[in-house]
Amino acid sequence: MISVGIVGGAGYIGGELLRLLLGHPEVRVVAATSTRLAGRRVDGGHPNLRGRTDLSYSRPDQLPECDAVFFTSSGLEDPALRADLAGRGKVVFDLSSDLRLGDPQLFRRHYGAHPTPELLGTAVTGLPELYRDRLRTADLISVPGCMATAAILALRPVADLIDGVVTVDGRVGSSGSGASAGEMNLHAERSGVLRVFAPLNHRHQAEISQATGLAVRMTATGVDAVRGVQVLCRADARQVDEATIRAAYRRHYADEPFVRVVAQKRGNYRLPEPKILLGSNHCDVGFAVDPDSGQMLLIGALDNLVKGGAGNAVQSLNIRMGWDERTGLEFTGLHPA
Amino acid sequence: MISVGIVGGAGYIGGELLRLLLGHPEVRVVAATSTRLAGRRVDGGHPNLRGRTDLSYSRPDQLPECDAVFFTSSGLEDPALRADLAGRGKVVFDLSSDLRLGDPQLFRRHYGAHPTPELLGTAVTGLPELYRDRLRTADLISVPGCMATAAILALRPVADLIDGVVTVDGRVGSSGSGASAGEMNLHAERSGVLRVFAPLNHRHQAEISQATGLAVRMTATGVDAVRGVQVLCRADARQVDEATIRAAYRRHYADEPFVRVVAQKRGNYRLPEPKILLGSNHCDVGFAVDPDSGQMLLIGALDNLVKGGAGNAVQSLNIRMGWDERTGLEFTGLHPA
Amino acid sequence: MISVGIVGGAGYIGGELLRLLLGHPEVRVVAATSTRLAGRRVDGGHPNLRGRTDLSYSRPDQLPECDAVFFTSSGLEDPALRADLAGRGKVVFDLSSDLRLGDPQLFRRHYGAHPTPELLGTAVTGLPELYRDRLRTADLISVPGCMATAAILALRPVADLIDGVVTVDGRVGSSGSGASAGEMNLHAERSGVLRVFAPLNHRHQAEISQATGLAVRMTATGVDAVRGVQVLCRADARQVDEATIRAAYRRHYADEPFVRVVAQKRGNYRLPEPKILLGSNHCDVGFAVDPDSGQMLLIGALDNLVKGGAGNAVQSLNIRMGWDERTGLEFTGLHPA
Amino acid sequence: MISVGIVGGAGYIGGELLRLLLGHPEVRVVAATSTRLAGRRVDGGHPNLRGRTDLSYSRPDQLPECDAVFFTSSGLEDPALRADLAGRGKVVFDLSSDLRLGDPQLFRRHYGAHPTPELLGTAVTGLPELYRDRLRTADLISVPGCMATAAILALRPVADLIDGVVTVDGRVGSSGSGASAGEMNLHAERSGVLRVFAPLNHRHQAEISQATGLAVRMTATGVDAVRGVQVLCRADARQVDEATIRAAYRRHYADEPFVRVVAQKRGNYRLPEPKILLGSNHCDVGFAVDPDSGQMLLIGALDNLVKGGAGNAVQSLNIRMGWDERTGLEFTGLHPA
């Protein structure tokens, strides 16, 4: 049994960490912080947790020493505070974008200047399918972006076959925008949308490039869903056929507990569909190929708050602690939903 | 051709008035005010109006003299300003709840003390089906609440038959909460809800009582729709049969251009359904009766921003000006939608 | 470890039984039948189960002897077949409406003549909160209707206080209509609806009366959700105050693992909301009272496929087998979702 | 006043033609055919038309001679019948895919062998923005596909600048699948989806190539909307800058009544969004460019049943008859909706 603290427990990623960690048999959640809601019950804003916990939010400075600390939002505005809080955890998980890129130049282009660029490159990426071995001993783990995770897992098996630029079309539900009120996220404005909020060069393309070695151009659209990410990656190959691609996917993911290869001939769910992944830690990946033209479509789908965030973090924790990787992540998703 | 001004043009009711009045052949919109957005184009926040108008918002104090002025929100916080602005219109339409109730006591119970109670009872209610004759000469018109309009039109034909208390179950989409950002209206929180925001004694029950003479108890639920109101009214009758009720509805609404009696034996749309009324000025009303037990269910449906607000106001304007009542309100609604 | 068979595994209730029972540590699913899909994999139509099972459908006549058999649909068309299949299970769960009512007259009024009326009254109702003791030894268990379950649990604590008729307003998502294609359930027709499919005397009113002893009148509306039931029950009491009602609810449900009393002063989720219950076996119940008028609103919410069906059945199984009642039902629900 | 007949009036495109033509001041609808529903009222399945018409369906063979005939579905199964019916109209509009491609080889690849290939190339494409002059005298008009229309209008202004292959990512609501019941279109299955139903080589790519001269690769996804199409077209240019692209769009569409250029710096609706186009005949087009990399994203949005089908047909009719092009198509779309 280890003790964990969550810095920033009031948002959607914080709520999802609470859901998963409160149900984890090896974990005791000792603190969830919220500057704004300190003293209030965590099940106020996370009503699904009623009956599951009596915890109340504490102020960040009240965070005790813990076996593991999870940060849900950026610490760039106050690096000293972040360093102080990070020092209270033996293992630190950062779910913000602060540490996702290794190159300070690249970071600046997408996020602005980093106040402590010496930290870039010091974290292990919390993506077990690529970095499992390093995660076993990591003390600083940076969880990748939700759309980046889906794209990396969809592209990785065939990265060597790809010729030229990959274009990534990401689609994401409203929970990806967080729990803060903004006019753009009002139900009346967000319902039914196909909002191209990043027509070119979405930030996650840097992460995808970094992990796959590919040249990536990424577009992102907000869709009418609360949870869910789907990425469509287009690429050309010098030479493709369906059997080769399928074999590559199978080889990469045969032993992965949370990646399923979904590329069937028929059926409503023959390709990866986030609708059936809500609450689940699965990332489904699939593909279509046209041998005549050499084009491929590589698809990934996941729940942005689970495999795209909190679930990935918990899976990484399980690896770091030497537990069964699936612990606390058994929920299979609903159909229909 | 008359000149009209809209005080409070930036909200959803303001946008709907603009949509209807900009398309009205007898009307010229000379001003739409917004304190916050003065100087900005009205098609910025109302993107459906692109290409339809080049109007920009003006400050309220810039409102010119107009043939008609429409107020979209309450003036109770500054009665002197409201009186000043109202004085600039020959005919005044108030779409807020300020003037909907005639009795100061009742107003206080539901809305708090009225700063100028002497105004209560001075407006004609902008509900043509009940007050058409008075509207022909009215200079101050108070447009009723969206759920109240649906319930009044559903109940009116059978009000004399009802024995005892009527219970009203109102359901309403998110546009009824207005365009201001609030955490409760975030897409992630509002999507998929059945939010019982008024379990007992919703404010509109006072309006319904006032118009029908019935004792009313009203509940209201926010549902996952942007537009749309539906009310289910339960009542008992000393004696009911289907033919009597149908005849009463037909008699009341035979000549009404915007009320349809929908009470069929079969079909997906056999009873009033707001889904097919989006953008339309129709209020559909229908009923079911059980002669054995004497119970009736009386149903009304409309688009809260049209027949439940801006459309009702324009219909009242048409009557006041002596035009064909349907002018500018011809849109029939979409199916499917 | 017991063996279970599911007769009718291809529908939505069948899929939900599979999801819950495949994840249940004490259960082995030995057969799921489907006449239409015999020989096909169960994860074809239930894609959330990919990676969880390699089971394929068998024909009903291939059902082996099992410790428990679950029927998901009516057996009235072929009572002999049903009796044969039921005989293959030591304990039988019927999730259809076949055995829900005890009175043949009442059954006939709502469902038509029962071919084997002598079976009515022989099953124990699979509603643990009311019938836990009898369930410990029951060999034939009839799981109640989804809206009936919500209404019974909402009404039960205050049934003794109620004076006169209760009206029940049920709202239900599209999964309640089953997985069979019908034009009425097309997305384009069903999306955004408030479809009053039962304006008066919905069938479940008989079940609610039977369990509570109250006179019930029930209306039902299909809403734009896939899963979810909410019931609003209106009743009058000779004498009510908030503290008495709250105490009654707490007393009834203090020790219940799956009923939460939700009646708070503020917050988006201050009353029962199905949105946060998807996939969970909870039934949330709450209330509002107006001491002046004596009116009460009693609210229940649940996931129609879980606590309103498959989850209730598994909870009853757990009781029958003497296991911890929560086994296999730990999923807490998602927020946001 | 001309007489028109609609062959296939019961589907969604048929309903939309009825909505538009019944409201058209120069048109009298004399027949709407439906083999299945002959004798039944057209407002049965199109409930938004209640009060607008008393028309009932006739059998196809009852179609009278008309000034214009509209076909909503394919006639390839019975070419003789189609020729007979087409002969009853002075001007014929075909809204199916029968005549959209000019090349029999290409047709075969996407749709199978054409029984009367000599008809291919004989129709004028009903896309006023490209073929207005030819439409003035056309007697056979083939209305293009919904996603094709959006993509063609988005690509046309910059087609000369494009270097290499264009990839098109189409998204479409459920009404695009038609009014026939199929399990894949059940609400429970279709709600919340991101269904990649055409991962590569969607049929419409042939139409887009034919109209633009570009090499096109097209993917299509079904999204959770009833109406609406959006296409994202990626292309590279030898040399791009924002001013050049904007000027090209403005030049092409300055005088077009139904194409708006939407490419703003900020705002929720700064790029084309189908949500605000429901019921409207507008196609909004917009773009983003990255001069550094030479990449462009070109976006089109429309209502698939209006500008993507029935509205385009009516606009073409207006041109053919010499009427104001906007007649009967004035509805501006709703916000919010």
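A few notes on this one:
Should a chain be cited, it is by its letter among A, B, C and D, assigned in written order, with residues numbered from 1 in that chain.
Please note the rule applied: a residue touches a chain if its C-beta (ideal position, glycine included) is under 8 Å from a C-beta of that chain, and two chains touch if they have at least 3 such contacts.
Note that this is a predicted model, so its numbers are computed, not measured.
Seen from the C-alpha centroid of chain B, the farthest chain centroid is that of A. The interface with the greater number of C-beta contacts, when B-C is set against B-D, is B-C. Equivalent interface to A-D within the set A-B, B-C or A-C: B-C (over half of contact pairs identical by residue number).
Chain C and chain D have CA centres that are 45 Å apart.
Centre-to-centre spacing of chain B and chain C amounts to 38 Å, using the average Cα coordinate of each chain. In this assembly, the C-alpha centroid of chain B lies 35 Å from the C-alpha centroid of chain D. Residue positions of chain A touching 2 or more other chains, listed in rising order: 12, 175, 179, 183, 188-189, 191-192, 224, 226, 268, 273, 336-337.
By the touch rule above, chain D contacts chain A in their complex via residues 167, 169, 171, 183-184, 188-189, 191-196, 199-201, 217, 219, 221, 223-225, 228, 230, 232, 234, 268, 271-275, 288-290, 293, 295, 297, 299, 301, 336-337. Those residues of chain D that touch chain B in the shared complex are 12, 15, 19, 23, 44, 46-52, 175, 179, 226-227, 260, 262, 267-269, 273, 276-280, 282, 330-337.
Partner chain D is touched in their complex by these residues of chain C: 12, 173-175, 177, 179-183, 185-192, 224, 226.
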